[in-house]
Amino acid sequence: MAALEAVEAVQDGDTVLVGGFGMAGMPVELIDALIEHGASNLTIVSNNAGNGDTGLAALLAAGRVRKVICSFPRQSDSWVFDGLYRAGKIDLELVPQGNLAERMRAAGAGIGAFYSPTAVGTPLASGKEVRVIDGREYLLEYPIRGDVALIKAHKSDRMGNLVYRKTARNFGPVMATAAAVTIAQVSSIVDSLDPEAVVTPAIYVNRLVVA
Amino acid sequence: MAALEAVEAVQDGDTVLVGGFGMAGMPVELIDALIEHGASNLTIVSNNAGNGDTGLAALLAAGRVRKVICSFPRQSDSWVFDGLYRAGKIDLELVPQGNLAERMRAAGAGIGAFYSPTAVGTPLASGKEVRVIDGREYLLEYPIRGDVALIKAHKSDRMGNLVYRKTARNFGPVMATAAAVTIAQVSSIVDSLDPEAVVTPAIYVNRLVVA
Amino acid sequence: MSLTREEMAEIVARDIPDGSYVNLGIGQPTMVASYLRPGSGVVLHTENGMLNMGPVATGDDIDPDLTNAGKQPVTELPGASYFHHADSFAMMRGGHLDVCIMGAFQVSAKGDLANWSTGAPDAIPAVGGAMDLAIGAKQVFVMMSLFAKDGKPKLVPACTYPLTGKACVSRVYTDVATFAVTPDGVRVVETFGTTAEELAARLDVSLI
Amino acid sequence: MSLTREEMAEIVARDIPDGSYVNLGIGQPTMVASYLRPGSGVVLHTENGMLNMGPVATGDDIDPDLTNAGKQPVTELPGASYFHHADSFAMMRGGHLDVCIMGAFQVSAKGDLANWSTGAPDAIPAVGGAMDLAIGAKQVFVMMSLFAKDGKPKLVPACTYPLTGKACVSRVYTDVATFAVTPDGVRVVETFGTTAEELAARLDVSLI
């Protein structure tokens, strides 16, 4: 499927989960297609908030994003986000990296909420329910669901089973489970994969784009 | 390591997680060693409560188990458990299969508790906290931790990374994360495994037994 | 003429949309697999950790490491994948399966399901994955005879047996009729060797 | 003489038990890797999804799909494994890592850690995995200079910067001393070019 056709699943106002940790696992071609597609008023869930002037940063620069949910927006080359944030043009929900992953996992796994020990006693605990379990404090965390997930994998088979490459795996498998529609960018579609080594089963993948 | 030496990690009164779904993934040699070892007053967490007269059933028959936490104790050949249960000689905590897996996952993942939609409105909801989240009812479920896990994998490397075979994978990877000491029975120890295909990273494996 | 079990399985199979991800419960629902149209693209999930499960294994194909949820030896189809129990039930609980097909002791007019325990005081309780399946799939289809051996209806105003799940059943396939459980009530979809009027007279559930 | 950063890294490396699973935070803690004894069996975890991470990659070994948490290209050692982010942080949050080494702005006498935000009103907040790491590992070692550039101590009775985690630090490695945070108070383990008495005079924290 062409990238532009695939990202037509994204509608104005959607929450879009975007894979990648820095550039590793970043679905650059899908993001470029999303910019071309033109959907706006988006909430983006991703570990970072864009680097340099391409990819996620370009989506932000185009004014399509109203809110970013991420763990680490501030980087040496995150000038696009920085500018929008300081100008009050973009909302930020800062989530510790592990809670970000676990909240998406909860969305995909049908868990209504969970108690996490991360961020107890910190400013990011503000407004969250605290519960003591076995003498330890935990915060109640809710799922983060996506309307669409844009992820990058290494290879797929024709059914949509996915394998990844090294640390580019990062958020892809979790995001694939947490979105209503998952679009995976892969380097190639192969005839078969080892069933023991499939990381994302095809049930979680709705559209495949070779890029 | 010899099986008998490995299972010396088990002490009287311990909670022992035992892998397998029926015979697939059942660590038979480790269970036999545990019987020989003699630890008693055990709580066993496993999907079933023993079949026929060997394995888990033999451990029960030897009077070493005071409580079973499982999803499906009653089978056509579960006469050992049936007899002990009817005689009031063994306690049973019945847990839906998915909650059983997820509660062990929570133990391994440092989650204090989680809200599951499974069993709402059923007799197994008895005594559990109910919470409505986004209009749906959930039950609060707590982690199940093991002192020791006995699991069966297919192959390991020398570090203890594990791969499994087909549906014999079942509870092994989850139990490995949920116990203080994990003992894995494997068919062979090989020089190397594909890092992309490792299912249980070595950090979760404390002792290896070739059987 | 009321339907045989084979005919019921065929009707259920016909109602599964092409390309669906489906879990077939232990027992009668397993028969549905034989009636799936080749090329339908239906993918079978087994909760002990596999997608793209193939038919029951025989002879040399039997592998003790490859079984279904009923612990029968099965086979693997191209495109299969294996995963552990927490991932398998996350897949189910997260609403990713399109259809789950289960047997039942009773189904209520609101779609409550009772299929794990008769509540007999001396019974040893066992639930397996039934409660997870009941609330996990997008649609739950039940296959059962409409009347018990003693003639009592199994589609009831409220279940008297212990529940497996609340308001989770969407369709009930029986030997004499197929019912849809809807927010407005129980609708008769099709009857076999009987009429909606005759059924209405034998059931305590209002039919629409 | 106070320690150089290299000497601090060497001392931290010496205190990591053989065979430990260790996460090295971004920045100064990364230097510890160079001082691990060959054959120590220490396994490095990187929270972006890998165990048995090797040294930083150079030249042809650079692979954009293989990076550490600081997004530097790294290498893979024999026995490596890859996993996704939820599994990686489950490993951390579940207490499976033996040691995590982090930098800090401040550490309190009770082991509270502040290392993610100076609380400056115009700063853009960013936390990454710091809060998960702080509460996840069995032991958290902090590496920092004991005094800020303005001379203020960074080992304090209570943190004035926003917290990363409560009561999570077990050891503090600084350029002039190593401290153990214990239930009874902060203990001086070793000093470098100074004495416990001199440090006590410059700190508002009681030393035992």
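Order as written gives the chain letters A, B, C and D; numbering starts at 1 within each chain.
Here is the rule we use: a residue touches a chain if its C-beta (ideal position, glycine included) is under 8 Å from a C-beta of that chain, and two chains touch if they have at least 3 such contacts.
Just so it is clear, the model here is predicted, and its values are computed rather than measured.
Colleague: Given the two chain pairs A-D and A-C, which is bridged by the higher number of C-beta pairs in contact?
Modeller: Counting C-beta pairs in contact for A-D and A-C gives the edge to A-D.
Colleague: Going through A-C, A-D or B-D one by one, find the pair whose contacts repeat those of B-C for over half of the pairs by residue number.
Modeller: Most of the B-C contacts reappear at A-D.
Colleague: Let me have the rounded angstrom distance from the C-alpha centre of chain C over to the C-alpha centre of chain D, please.
Modeller: 53
Colleague: If you average the CA atoms of chain A and of chain D, how far apart do the two points sit, in angstrom?
Modeller: 28
Colleague: CA centre of chain B versus CA centre of chain D: separation in Å?
Modeller: 35
Colleague: Give me the residues of chain B that touch two or more other chains.
Modeller: Within chain B, the residues that touch at least two other chains are 102, 105, 109-111, 116-117, 164-166, 195-196, 199.
Colleague: Can you list every residue of chain C that touches 2 or more other chains, as numbers and ranges?
Modeller: Residues 76, 82-83, 90, 92-93, 136.
Colleague: When you draw the chains as points and link the ones that touch, which shape shows up: line, ring, star, complete, or other?
Modeller: Graph shape here is other: it fits none of the named patterns.
Colleague: Looking at the complex, which residues from chain B come into contact with chain D?
Modeller: 105, 107-111, 157-159, 161, 177, 192, 195-196, 198, 201-204
Colleague: Give the list of chain D residues in touch with chain A in this complex.
Modeller: It comes out as residues 46-50, 63-67, 71, 76, 82-86, 88-90, 92-93, 112, 117, 122-132, 135-136, 162-166.
Colleague: Over in the complex, which chain D residues touch chain B? Could you list them?
Modeller: Counting only chain D, the residues touching chain B are 21, 43, 45, 51-52, 76, 78-83, 90-97, 136.
Colleague: Write out the stretch or stretches of chain B touching chain C in their complex.
Modeller: Listed in rising order, the residues of chain B that touch chain C are 21-25, 47, 71-75, 81-82, 85-86, 92, 94, 96-102, 104-105, 116-124, 137, 164-174, 199.
Colleague: List the residues on chain A that touch chain B in their complex, please.
Modeller: 102, 106, 109-117, 131, 133-134, 136, 138, 142, 163-166, 194-197, 199
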